[in-house]
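Each remark here refers to the structure printed beneath this line.
Per-chain residue numbering starts at 1, and chain names A, B, C and D are given in the order in which the chains are listed.
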């Protein structure tokens, strides 16, 4: 729906139902009215008022609203018990329906009713970001987040997402968001952005949702290269020599950024990489290698905690290899980026010292970076292995890990 | 996603996971595999195989599959009871989550996993059409339909729908579907279609969903007129005089058709009318009246059942007025089209005999038709009235109803 | 410019300059005013009035207007002589400019001024169609046509044309024109059209001009086949088996139609074929052969004139081979379609009897058809040959021609 | 034509005609070949080679090429004389055509043939920029410029231009050009640009040509205000208060920039203003006043030349009023910006001292600026007046001019 249509729709609703401006009911009362609305017209109007009202609330009022959602819009255990007893006695469709109704927290229906308003999806995503912040200090709100994320997961499923290239012909309003959302290698300026988007050996792709057409959900920056690079500086350098794209044999995913805190936990990265590999392969049949150049965000903290102080680059690479292949959180790697790529079926291909001289690179990993390799033929096997606790790494990385000097208490 | 991208995506998946052609597992086994899949890549591949497999099934095999969904993918009442007891004892977020999981039939998650495949939404809509047919002879399938329609209602909520004008510049492939889906006044030929779309005093609008961009969900045909018409023939006549659109004061909704049997029960009509009124008002500020010229599909059957045999046009109008304003199904009008428009807040404005000479018009209502009037200022009040059992009709229609000669047993 | 913008522009001009409705000046006076206009605003207004006025003229008034253009808007030979004398005496830039002005008929500037109005280009194309008709009975108008076609050739040069595929997703309003403009194998119905556009082994492409975005200039219909076909019926049959497009090795151009009589003599066909070959090659690298299945429109008339009465299919093929390779108009082939394809560098590849059973096929060529083959590597050589009077044909066609029994007076 | 299609077209041509890389003929020889080409295929190939070759030439070689165009591609006065004699003796269409051919310099046809190559139009525009530079030192080239500008004027006529809004959703690649081409009030940064494009009370519009879709020809920046502003600083200030667009009653054209030096002398500004007034009026019916806030680029130089040294702001305004209303170049105002706006029918509305504190504002006009007012109802009358030597100015501006103290020699 275009903005114009949205405007008209608003105008029309106001004609139908009267201005919301003088409506003094609080947001909880409006929500209750929305749940009770029997016709679409008044329901839509009330949904719009709820969303307008929410926008005007301060943090405390929002927390109070979330508390109300957690408490008043919760299931009634007694009713569930009654419905369950009826269903167990005679599992008719009617009894089944009654049980379904009783066991679904009413706030789920509230969120669905709010989502009917054009443009509401983006607001619900923002609401979840608020909710997650509030839930950090009030654990009881976790149940509200469970319901809202359940719905968002359903609404943002892969079948609804659209992959679009982002390039120097993209709208400036979108590019401004790319600058803002870039989370791995900060974009300093529009010139820096242009260097990442305009050259023929650079690409960027993002997922979008039709109900939030101006908001990227996640994006990946890609460099086309010959061979696998080991230093981020060479990729981003202002004065680098352009590679004619026909000569490229490697696509390097050097930055992946999630854009919407309100969609935390709803993973798009794996599907994004897979789709981008497919699109690039179709465009450039000469590409043979799909690989990342990734940060190791947890390395420095772990080194400190483990009392490991690598004396030189060689020792740092060994320690990083140990950290990535042997340090776990449950059965999975301890490092979050490793968890993501290995969980997609990639292989740890190589580790580089002195690869990211930026302040954040030094702070996170003392400048070390890692290549995760995506090999279509090995992905299924790697995933099977991971399910059985094996981390996929090349022999040379495994060898590095074996050479690492780790204090016994940690090894 | 474009067809090309879809194709590539398929190609790529095949490279990843191997061809599905030789896969001899039955659809139930594939579904179980999909539910167990722990990574996105193999999950997507299995979802695609399930959908491919489903397409190849005959009616009996589909019925068997639905039966399996109803039986094996049902909640386990015992597990619900256990989870409910835990939650009642100590309503922690974890206990809440466990109860939510136990009380949601696993087939809901199955449908969501299937929907991740690009293009799957349309197939799920078709699956529901099959399911509804099958449920007519096997009531046990109703619970599957309840779950699938629950999800479709969430995915097809108003916020995701897009209104688009349909006109003579629309793609022929879309217009072919309009011809096919028109359910009220059959479109005989492309020339007939052109007469309804091309003239400056004719309009057509349809709702679309981004995941099914080539499939209209519902559409309405509109004639711009001076005054409220009482005969459908005048609107559709080949040789009628065109009205300069600046002279139009009335928009007549003379045909509304739902296109997707798989979305039955998920109502778009009210929102469609509302949005079209808003868009037309913005374009043509001279429009004052928004009205339908509607069939009365249940009239003839009711006349027969009630033993009413109107002697002339006047008596037919009286009987129709009685039928529309007094004959009920519960608190609502007995006539399905009346139920729809009155349920949107419209008023019964006038009744016409000899209005639809077509075979279906004669069969359904002995040629009678009705105008439902949409007045923004009265809609809220009409809806309130309807909630209290009052049917909105003009004085003249009420007067007609009072004059009707109905055998006592019926009146 | 969209229609809306066009409308606004009109509205605005009317505000500026006053309504044209009451303007009683004749079209010649308006044209003189336009030539004298010193500012853009009044010039644009007058140009629009001229075009409006022209539309309202009947055939006689148009002929009178063309006569005025030929007479009054002609060069003044005396002024040319003076300017030429000045220039010859002292060829300064000023003298050059004066000569240029004197030797260009003022109607050229008039046409350019008319063309400034948005939408005018299409009207000038129509005006030229009128003009060509009028010139058939009034040879003096030829000079006007020379000037107008000079300008149109400049405005419709290849650099401004846009190639667009025409398919079943194209606007119905465009497809309606395709039905209307098809000049070779009549399209009977929308179903017939769909059979030519929708299947994966059928294509259609058209050239458009940005100033006439809704009007195709020329289009070609293409069938993808295995091997070179010899009968049009097999290509158009309703019940033919679809060819998976990956199996196609041949693209058959079986119908090329010019759409705009007002652009007669401004050739787009060669460029169209060339561009379509390029686009198809890029999409379907498996295509090896680009060939036509073409009518022989002049064959039957020539047979009659030459007193040749082929006794059987073999004799008809021989006679056709003779006609195509030996009968000339100047140095070029006598047959207009042969002239076109040989003039593009194609080779006469094969001749088929009993190939077009339609009434027009029988009338034009007694059912015979011909394949012209486009071989990129031979085109330059064929064109050189043609410049020297040699017609490119395969050995088998040359052999057929030698066997033809042609009465001596003709051979 | 898309870049992809352009690429394919190139690839295909190379297949047809062989690589141009080894072609050692000089550009003049290639041009002669192009003029002699009898078929489209080889003509297109040669045209492409000419354009490629031209791009590789240095300034001296280009000057030599222009000299060749001026000399060798000139009309032959003897042939014109012969053709004129024939035509004067017997003005047949053939004699007319021969005269037309003889009196058109062959380079015009050369430029038309070059323009057939997709993308050539932009290169010809650049060629004219080079040509105009070269003509400054070699007056003989003026005749080439006359021919090239004659053709460009025909190709860039208003009917082919497209007006597009430029805003913060426009492609970054386009906005980068806006930054570069802004000629009146320099755009410092992307933030500065955003302040001019994104707010609801700011607009920008540009004309484009379909054959150069990524290149603006001219653009205007507009501020929506209440009342007529007198200082540019207030319009561009970073911290200004946004005006709700419904409250705006005035549209201020505060910057108009031509983008293509190769289109110098082909005026788009008047039509741009007219179209923008029409579009804004349609969108915002509350707009009553259309006005500029313009520089007075010739003021400071004239003050110096005239020996006028205004003592204060009041004296500066008086001197500026005198300069704008009384100092002429021929019958028109001496100031180039005044010439443009008065030539469009505008009125000098007011003059402001201390209005543009920028360095260029001080240098050009000692900080003074002027409002030109566009009143639809007065434009025709103002233009008539201008034709008779009267400059349209308000009474207050006329009064200012009368008060100016100008040394007698100048007054």
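What we mean here is this: contacts are C-beta pairs under 8 Å (C-beta built on N, C-alpha and C of every residue); 3 or more make two chains touch, one makes a residue touch a chain.
Just so it is clear, the model here is predicted, and its values are computed rather than measured.
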{"item": "Taking each chain's C-alpha mean as its centre, the one farthest from subunit B", "value": "D"}
{"item": "Centroid distance [mean C-alpha coordinates] between subunit B and subunit A, Å", "value": "35"}
{"item": "Length of the line joining the C-alpha centres of subunit A and subunit C, rounded to whole Å", "value": "56"}
{"item": "Rounded Å distance between subunit A and subunit D, as computed from the means of their C-alpha atoms", "value": "49"}
{"item": "Set of subunit C residues in contact with two or more other chains", "value": "none"}
{"item": "Overall pattern in which the protein chains touch one another (line/ring/star/complete/other)", "value": "ring"}
{"item": "Chains grouped in pairs wherever the two touch, ordered by label", "value": "A-B, A-D, B-C, C-D"}
{"item": "Contact set on subunit A toward subunit B in their complex", "value": "1, 5, 8-9, 11-12, 15-17, 38-42, 44, 75, 77, 80-81, 84, 87-88, 91, 93, 96-97, 99-100, 103-104, 112, 115-121, 139-140, 142-143, 146, 150-151, 153-155, 157-160, 162-163, 210-211, 267, 270-271, 274-275, 277-279, 281-282, 343-345, 376-377, 379-380, 383, 387"}
{"item": "Subunit D partner contacts - residues on subunit A that touch it in the complex", "value": "168-176, 190, 194, 197-198"}
